[in-house]
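Below: a set of structures, written as C-alpha cells.
Look at the two complexes coming up: chain A is in both, with chain B in one and chain C in the other.
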Partner chain A sequence: MRIKISHKRLLVNLILGLILLFCLNIFLGSVKLSIKEFITGLYDTTSANYLIIHSLRIPKALSSILIGVGLGLAGFLMQILFRNPLSGPYVLGVTTGGSLGAALFILGSSLFSIGFLHPKYGIPLFSSLGSLTVLSMILLVYKRIKDPMTLLITGILFSSISGAVISILAYFSTAERLREFVFWSYGSTHLMNTYELLILTLSSGLCLVFALKNSKPLEAFLAGDIMAKTLGVDVDKIRVQIILFTGLTVGVLTAFAGPVAFVGLVVPHISRQILKTSNVQLQLISVCLIGSLFVLASDIVATLPSNAMSLPLNAVTSIIGAPILLFIVIKTKRFIF
Partner chain B sequence: MIVLDIDQLYFDEANPIASGLKSSFSKGHLYYIYGRNGIGKTTLFKTLAGLHQGYKGKIDIEKIPLIDFSPQERAKKIAFMFQTETVYPFFKVHEYLDLANIPNAENSIKEDEYKLFITQGLQLEPYLDRYLRELSQGQFQKVKLATCLLQMTDYIVLDEPFAHLDLIQKERMNIFIQELVTNRNKCVLLSTHHFDLNFKSNNHTLCLTSTQLKILNENSKERLIELLST
Partner chain C sequence: MKPYGLVIAISLIFAGCNSVGNEKISTKHKKWSPKYAKGFSFEEKDGVTYLNILNPWPGSNFKQQFALISENDSLKANKSLAINIPIKRWATSSTSHVGFAEELNELNSLKALSGTNYVSSEGVQSRINKNEIVELGQTGQPNIEWIIRNQIEVYLNFSIAENASVQSLLEKAQIPMIYIGEWNEKHPLARAEWIKVFGVLFDKQKQADSIFAAIETNYQKWKKRAEIEGNAPNIISGSPYNGVWYAPQKNSYMQKFYEDANLNYVWKDLEYTGSLQLDMEFVFNTGKSASIWLNSSEYQYLSSLEKLNPLISELSSVQNSGVYNTSKSKVSEGVLFYEKGVVRPDLVLKDLIQIGHPNLLTKHKLHFFEKLRK
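Take a look at the complex of A and B:
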C-alpha cells in the first residue's frame, strides 16, 4: 500500500495521541496518584498501586480501545453498506437486540425464573443471544429482499419492536431491577477480565481482518453498486459478510460494555474529513485509531468529575460526539459520503 | 464472439421491454446502437454485462453461457461503462482508474503500458491527481471510459459515452475507440444518439426497437430515422 507523506504524518500523530491518551487514562482514576507513584506502580509488584494499575486501569483502557476499534469499524462498514452517512452500528437493530436480551435477563428474571445465572455471565449471554436473534432475522430478510434500503428500514423496525418490549418489561419490573438495567444501558469500560478482553479482541480483530482482506471490493462499493458489480465484486456475498461481521462485533461489544452511543456514527466521519481519500486500507487504520482515541478520551472525561463516581460513558460519548458531527456538517455544509 | 439470442427482455415478466433480439458481435468490430429514449438500451447493455437477469433466451460469450461465468471471470471478459451514479467525493482520478485492477489483481508491467496508452489517449494526465468532484461532467465521462477500458477486457459495452462531451472531445473519443477496436482487436458496443460520427469499414449501425435489434447494412441516417419512428 502506497501512503502519501501527509497521511503517514497523520497516522504517526494519531498513534502518538493514542499512546498519550492510553497513559493518561491509566494515570487518572478515583484513586489519585502522583507521577512517581504511577511510574513505580507500573513495574513494582510490591507497590500498593501495582494492583490498581494492572488489575483495574490497564484493562479499562484496553477495553476502551477495543470498544472504539469495534464500533468505529462497524460504523465505517455500515456506512459503506448502506451508502448512507447516518448509518451506524445501531441501524441494523443489533444493539437494541442486545439491549432486549439484557433487559430480558435483568428485568424479566423474576418472570422467567432465570435468576440462577450470575449477572456477570447472564447479561453478556442474554445480550449476545438478543443480538444474534436480530442478526439472524436481518439476514433472513436480506436473503428474500436484496435491497440495502429495505434492510435499513427493517433494522429500524426491529429496533422499535425491541424498544417496545423493553418498555413493557420495564413497566412490570421492580425499581431495583430497573435501576440495574438503566446502569447497564449507560455503557461502561469497567471491570472486564482477561477472558472478556480476549473475546472483544477476537470479535473486533476478525472484523478488521475481514475489512482489510476485502479492502479493494469495499473501494469498488464506494464507487457505487453498478461499478462494484461491473468490476466482478460479488455484491450480495460481501453485503451478507458485512452484516455478519459487524453484527457479531456490535453484539459482543453490547454484551460486555452495554450500548455505547455515537462512536460508530461519528468516527468514520472524522476519519473521512481528515484523510480525504478513497483508500479503504488507510481509512480502516485511521478509523481504528480515531475510534480508540475517542473512547479513551470519553472515558477520561467520564472519570474526571469526582473520586467517588464516574459519568455514564454513553452520555459522554454523545456529549463529545454530537458537537464534532455538528462541526463537520457546518464545515462541509453537508454529510459527505 | 458474443451471441445474443433473447426471446424476451423484461424488468418483471408481466412488463416486457423488448423481444426477438438476435445478433452476434465479433472482436475487431465496433457497433453503434441507436434507439429511442426508454426503449431499453441501458437494460440490454446491463444484460450483456451480466448485471440484469430479467430475460428469456441466451447470451453466450465465446460459446460459454453468460450465466455460467462467476462475477470475477465475467469482469475479465466484459467491461461496462454505465451512466452516472453518485460517486464518493474523495476519489482522486488515479484512484478511480485503479479500480479497474480489481478483476485482474495479477496485472503487471503490461498494465502500466496500457494504462499510459489510455490516459494519454484520453488526455487525462493533467487531472490524474484531482478529486472526481472537481471535474466537469465531460471530464468525468472520460475518466469513466478510461476505467472501463483499463479493465482490459475483449468485450466492452459503453452506455452513451459521448454524453456531456463537446464536439471536439466527442470526435476525439470516437476516433480513439475506433483505433482501439482496430489495433487492439476489441469488440465494442456503444449506445449513442449522435448521427454525425466518423464511420469506418469495421463499424456497424444497429437500431433497437421493441421487436428487434436490426443491423443496418449501410450507415444511412434516413433508414435509421425511419426505424426509430416505427
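Take a look at the complex of A and C:
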C-alpha cells in the first residue's frame, strides 16, 4: 500500500495523540496522584497506587481503546454496507437491539426463566443476539426496499420497538432489577477484568482483521452492487459478513460496556474529513485511531478526575460527538462519503 | 502475607447467643443463627469464628464467609476473606449502615460513604463538613481507587445483585467487601437484628445484643398493646406517580409493620413482583374510605398531592387530613426513616400506633412520620 506523505504524517500524529491520551487517561482518575506517585505506582508493587494503576486505570484505558476501535469500525462498515452517511450502530437501532437483549436478560429473567444463566455470560449472549436480530431485520427490509431514507426510517422503527419493549419490561420489573439495568445503560469502561478485555480484543480485533482483509471488496462495494459484481466481488457474501461482524462486535461491546452512543456515527466522519481519501485500508486505520482517541477523551471527561462521582459515558460521548458532527456538517455543508 | 493472631471474640458472641437464637453445639463445630434475620449467621470451626452472609438480595443464592480475627491471632488466611476485629477504618454504600454504627457509637471509624447528602445523622454531617468522611460515589459504583489508597479495612456494600467486578478488585487489594443484606429481610426485627453483625465487626457484641434485646422487648410490648385495641383502622399506603400507585405488597416489610400496629392495610392480600403497581381507579375504588394514608411521597402539603390526580382529593384520608409521609429529616436531604428506622423498628411501630390508635400513645412525638399540612 502506497501512502501519501501527508497521510503518513497524519497517522503518525494520531498515533502520538493516542499514546499521549492513553497516558493521560491512566494518570487522571478519581484519586489525584502526583507525577512522582504515578511513576512509582507504575513499578512499585508494594504501593497502593500500583494496584490502582494496574488493576483499575490501565484496564479502563485499554477498554476505552477497544470500544473506540470496535464501534468506530462497526459504524464505518455499516456506512459502507448501507451506502449511507447516517448509518451507525446507534442510529440504525443495533445498539438499542443490544440493549433490548440485555433488558430481556436483566429485567425479564424472572418472567422468562433465564435466571439460571450467570450475568457474566447471559448479558453478552442476549445483547449480541439482540444486536444481530435487529441488524438482520434491517437487512431483510433493505433487500426489499433499497432506498436509504426508508432504511433509516426502518432503523428508527426498530429502535422504537426495542425501546417500547424495554419500557414494558421495565414497567413490570422490580426496582432492584430496574436499577441494575439503568446502571448498565449508562455505559462504562470501568472494572473490566482480563477475561472481559480478552473478549473485547477478540471482537474488535476480528472485526478489524475482516475489514482489512476485505478492504478492496469494500472499496468496490462503495461503488454500487453492479460495479462490485463486475469487479468479481460476491456482494451477497460480503453483505452477510459485514452484518455478522458488525452485529457481533456491537453486541459484545454493548454487552460489556453498555450502550455507547455516537462513536459509530461520528468517528468515520471525522476520519473522512481529515484523510479525504477513498483508500479503505487507510480509512480503517484512521477510524481505529480516531475511535480510540474519541473514547479515551470521553472517558477522561466521564471520570471527572479527582472526584468521587462520575458521569455516564453514554451521555458524554453524545455531548462531545454531536457538536463535532454538527461542526463537520456546517463546515462542509454536506457529508463527505 | 503477614501472620495473624488467633484470638477470636467467641466468648462475646456466645454471650449474646445464649439468650436468643438456635445454637447447635458439638465439640468442634458450633453454629448460631439469629432469631429473626435470615441473611447472616455465625459459626465456630476449629477455634475460628466465622461470619456467614446468606442471600443478601432477593432471589439470590449467594454466600460469603469471613473469618473474624483479632490482631493477636496466628491464623494465616486470605486477607480479603478475613476481618481483623475491631475494624478501625470502614466505608459503606448505605445510610442504613450509618444508623447501625451510630447506635453502637462507632461513627469515628467511618471514613467514606455513598450519598453523603442523604445522611440525617448530625454527627456524620459534622464530620462530612470537616472532610473526615468523604463521598464515595454512587452506590454500586464506589470510588475503588479511594478505598484502596486510604487503607479501608472493610467495605460494607448494599447491593441488589452480585457486584463481582468491584468485589474482585477489592479482593486483589485484600479488602473484604461484605454484602449487608438487612434490606432484604421481611420482618422489621430481622432488619434490626443486623446490629449484631455490626457488633461483631466493632467488637461490641455484648452492647449490640443488649441494644437489640431492648428494641425487641419494646417492639413486642407495643405490638401486644396495639393488639388489645380491637378496632383496626383502614389504611392505604404508597405513592402515586404518573397515574400509577406504588404500594407495599403482601408479606412486605412495611406490611408487617402495619399488621403489628394493628392497622388494616386494605391491599394486604395483593401480591406482585416488587411493589404493587395499582391503577388510580382501583385505588379510588378500594381505598377511598380508608381514614389514613401512610408513606405518601416526599410531598409536605396535601395540595401538592391533590395536583397529582383529581381522584386524590376525593380520598377520605386526604379530606380528613390523615396523610403521613416518612420524609422527616434532621439535617441535609437525608430521610431519617431509612437511616434510623431500620435499626429502631420499635420507634417506627410506636409512630404507627400513635397514628392509628392515638388514644394508646397520647404523649408520643412522631419520630419518622410527618403529617401533611393543608
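Everything below uses one rule, namely that the second predicted complex is superposed on the first by the 285 of 337 C-alpha atoms of A that agree within 3 Å, B and C clash if a C-alpha of one lies under 4 Å from a C-alpha of the other, contacts with A are read in each partner's own complex, and residues count from 1 in each chain.
The rule we apply is simple: a contact is a pair of C-beta atoms (placed from the backbone, for glycine too) under 8 Å apart; a residue touches a chain by one contact, two chains touch by 3 or more.
Since the structure is predicted, the reported quantities are computational estimates derived from the model, not experimental observations.
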item	value
Partner chain in contact with A:N193 - chain B first, chain C second, else both or neither	second
First (chain B), second (chain C), both or neither touched by A:N49	second
Contacts of A:S310 with chain B and chain C, given as first, second, both or neither	second
Partner chain in contact with A:T174 - chain B first, chain C second, else both or neither	second
Which superposed partner A:G224 touches (first chain B, second chain C, both, neither)	first
Touching partner for A:L157 - first (chain B), second (chain C), both, neither	neither
Contacts of A:T277 with chain B and chain C, given as first, second, both or neither	first
Shared contact residues on chain A - chain B and chain C	none
Footprint of chain C on chain A - complex, ascending	29-31, 48-49, 51-52, 55-56, 110, 115, 119-120, 171-177, 179-180, 183, 188, 190-193, 308-310
Chain B - residues contacting chain A, complex	46, 49-51, 70-76, 79-80, 82, 85-92, 95-96, 99-103, 105, 131, 148, 151
Residues of chain A that touch chain B when the two form their complex	83, 216-217, 219-220, 222-227, 229-234, 272, 275-279, 336-337
Contact footprint of chain A on chain C as seen in their complex	57-59, 134-138, 140-141, 143-146, 148-149, 151, 160-162, 164-166, 168-169, 172-173, 273-275, 277
